[in-house]
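Each of the next two complexes has chain A plus one more chain, namely chain B in the first and chain C in the second.
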Partner chain A sequence: MSQKAEKLIDKKGLRLDGRKPDELRPIKIEVGILSNADGSAYIEQGKNKILAAAFGPREMHPKHLALPDRMVIRCRYHMAPFSVQERKSPSPSRREIELSKVIKESLEPTAFMEYYPRTGVDIFIEVLQADGSTRCASITAASVAMADAGIPMRDLVAACSAGKVDDTIILDLMDTEDKQGSADVPVALMPNQNAITLLQMDGTLTSEEFENAVNLALEGCRKIYAMQKEALKTKYVDVKEVEE
Partner chain B sequence: MPTFFERRQIVTPGDLIAEGDYLAGENTYTEDNRIYASRVGIVEYENKKINIVALRAFYIPKIGDIVIGTVVEVGFNGWTIDINAPYSALLRASEVLSRPFKPQKDELSQVLSMGDLVVAKITAYDRSHDPQLSVSEPGLGKITRGQIIRVTSTKIPRIIGRKGSMVSMITQETGCQIILGLNGVILVTGKNPEDEELALMAIRKIEEESHTSGLTDRITQMLKEEKTKGEEKTKNESKS
Partner chain C sequence: MSSVITRVKQKQIAQTIAKGKRLDDRGLTDYREMKIEQGIIERAEGSARILLGKTEVLVGIKIEIGEPFSDTPNEGVLTVNAELVPLASPTFEPGPPDENSIELARIVDRGIRESKTIDTEKLVIEPGKKVFVVFVDVYVLNHDGNLIDASALAAVAALLNTKMSNYEIKDDEVKIKPGYTQLPVKKHPITVTFAKISDKLVIDPWLEEEQVMDARISMAIDDDGNICAIQKGGSGYFTEKEVLEVAKMAREKAAEIRKKLKW
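Our next item is the complex of A and B:
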């Protein structure tokens, strides 16, 4: 494994796909592409392809799950059987159930939950193609879908991962870097509030490395945030240009 | 006391709009004397008040609103109506029958059955109780003819226009009666399907371009053009 890990960053300091250590993968975000959902978003981050749909607020079913003082957010993260090289069983795995919970909790602080008591918001995330850091890309897409659904929010949530391969701290890990690298730190941020809503770590890092990784991820989040805003705005700018 | 956006600019949730001595209006929130946006929308200043006209939002019931809803459930003493809001509304049988309701005599599904559309007014609503409806005023009640179109509820004011200018213009040009449900459901009733189609086209155009200015004039022009087109068509048909 140590031999393989050496190849992750070449002599010029570039990564397997030619990126610099602090460079994001190319990102494309599209808003409102599912007409049956109240709000939706599609994100392509490198080879990741993820669809997110948001419904509600609407009446909770089953009714006993509704809370009398606030709204409930439910989230389902799901990977399509064809999203990875080897077929993934379509039934929710342990990992998917955990990610659903983690994503839900990273989105909860942004919504004004107390505005609409007794209601529920459903978020569905469908990973069509996975290539590392899907939880981050999912959060990014889901928060755009929520904004598109018209749910009042404090801020958009942008998420990005950082990690360590070959003793270098890198931004936005892809699948091989995640699997063969030594650490992965996914971070979700509400940039205007400057509040972190998700912070996880897998692997080992010294406290100094950890701090560097978090700072690098936060920088990535801010770049992604700009793209989210741009995506939401372009949906309406098209019509404006027609007029002028 | 700076403001960071010009009038009619598009903002997204979390955008800092103003700092200092301003009032937070619709779709905004304050934190540390700063005003932020909470929805995707367009900034409007109204003296010291900052409003965001939401481009995407859902309908929240308000007492006195006229809404158009669908019957989704026939109960023991009333109906459950879907009014396109986070909460479903209740319509009591005695409201509709205009006489005391006798469960052993009256069959509710014969009055209103599943899928029927009703125009109704919201008479009661708060955060802890579902909205109650009433149909006891003229113009309210079951819908028997016409066409329905659904739009985002925030766009209804745009369709009404300044002092009703837009909706009265469409009524005049197409000869259709238009009932606007504030929940984003619109009923168009005309003498023939062509007129209705024309009105629907105008409404769809307003929805798409609601955030642009000078819309009333463009819609008037479009309707006039379409009308002459339609007339020519009928002329040609009658000739041949």
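Our next item is the complex of A and C:
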């Protein structure tokens, strides 16, 4: 990290792609685009292009993994071999296995798990193109896919990263900022419950910088939350009009 | 990583913690007794064993000569791996690493990497071609909760105990010379883990507390009191206030441990 001399923030205080430090990348969320999944979503956040699908609640396979008192959520985060600069082997890397676990744990608090004992929900995330903060965009999309599948939920989860480059705290890191910056803090939030369901960090921050980064990321999550709701409304309002 | 725990016990743990006490008589922010031994595996370049209550973790360091990554030609390589060996718990099974052991390894890795514990620039033999590769292998020998803190502490203790062979370059080949040099260790990160039970934060959860907890959060703190890695785990959540409280308490606790270990 941070060994290259290239400036990530110019004299005007703007970032490489012209954003202000506290500005999100353009985000587009589409709901229900996969006809075979029970619920699905597609997100574009800057150059990130990610598909998420939810299946279930359905019978668990293998059966011994089912729980008698609640449903089980399983998650697979996977990057396409062509999603990054150098081809990534399609077999799951250690990073992907860890991310699958933390993404699953960020989604679990939202679902009413006890409503569907002995069942399973499978969430599949495919990163088609990656440009930094893919775990956050994946959570945002997966949460919308779960809602689209009709799984009873307490709230949506919106996720966003914050970090530090050139001594400035910034929102929504893209790939170069993640690689050359000095810290990356991905955060996921259930805004109505004020519940942080994912928090990770790597890099170095003082406690003051950390507090600022978390606050900025939470602000980003709330903005993304509005877009998630808008995307869901767009789909379901359209459906209603067709029926009438 | 969970095994069976009765409802009565679950309730008892949660109620005791709600009152600000714990079943093993510790305060909410107390660690269990900690014992670290270094250099117990002679074949390894470095090693350390930690006892944290009944949790026992052994870390061995091996050093080999390898190639640097193409994007960091002037740095040595750090590799962390964790094994949840089946003799350590009835819930550990033989086979390739599962998500729990991968997560554990990656948390330990981030603590060491992000705090720049090892001076990796001093591990270069020939820039872009030959460097020392440091393998940190975390071996869990007995699981009684809080493997993260135990493994992270044992890893740093083992690195502090690591000696590299001296070498010379003759006709483009690396020849090992007699004698050893200490591995260049610059920082001493300390990872502090909290469990959330009954809306209270408890430090260093033991196994039964981990089975009851809603969620956990770990923070690695470097020598200057900066936060250098965080991981939230478990299917519960934290509020913003709790996160900031954890950050504050983790720094205090890390400073306390640092003083005790003289790191």
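We adopt the following convention: the second predicted complex is superposed on the first by the 232 of 244 C-alpha atoms of A that agree within 3 Å, B and C clash if a C-alpha of one lies under 4 Å from a C-alpha of the other, contacts with A are read in each partner's own complex, and residues count from 1 in each chain.
Criterion: a contact is a pair of C-beta atoms (placed from the backbone, for glycine too) under 8 Å apart; a residue touches a chain by one contact, two chains touch by 3 or more.
Predicted, not measured: the structure shown is a model, and the values here were computed from it.
When the two complexes are overlaid on their common chain A, residue A:Q193 makes contact with chain B and with chain C alike. In the superposition on chain A, A:T206 makes contact with chain C only, while chain B stays out of contact range. In the superposition on chain A, contact is made by A:K233 with chain B only, not with chain C.
By the touch criterion stated above, A:N36 is placed in contact with neither chain B nor chain C.
When the two complexes are overlaid on their common chain A, residue A:E108 makes contact with chain C while staying clear of chain B. Looking at the shared chain after the overlay, A:Y116 reaches chain B, while chain C stays out of its contact range. In the superposition on chain A, chain A positions 190, 193 are in contact with chain B in one complex as well as with chain C in the other.
Across the complex, chain B meets chain A through its residues 10, 12-16, 27, 29, 36, 38-40, 54-58, 60, 86-88, 127-128, 152, 154, 208-209, 211-214.
Of all residues in chain A, those touching chain C in their complex are 3, 94-95, 97-98, 100-102, 105, 108-109, 185, 190, 193-207, 210-211, 214-215, 218.
On chain A, the positions that touch chain B within their shared complex are 38-39, 56-59, 68, 110, 112, 116-119, 147-150, 152-156, 190-193, 228-229, 232-233, 236-237, 239-240, 242-243. Those residues of chain C lying in contact with chain A across their complex are 72, 97, 99-100, 102-103, 105-106, 110, 113-115, 215, 217, 222, 225-240, 243-244, 247-248, 251.
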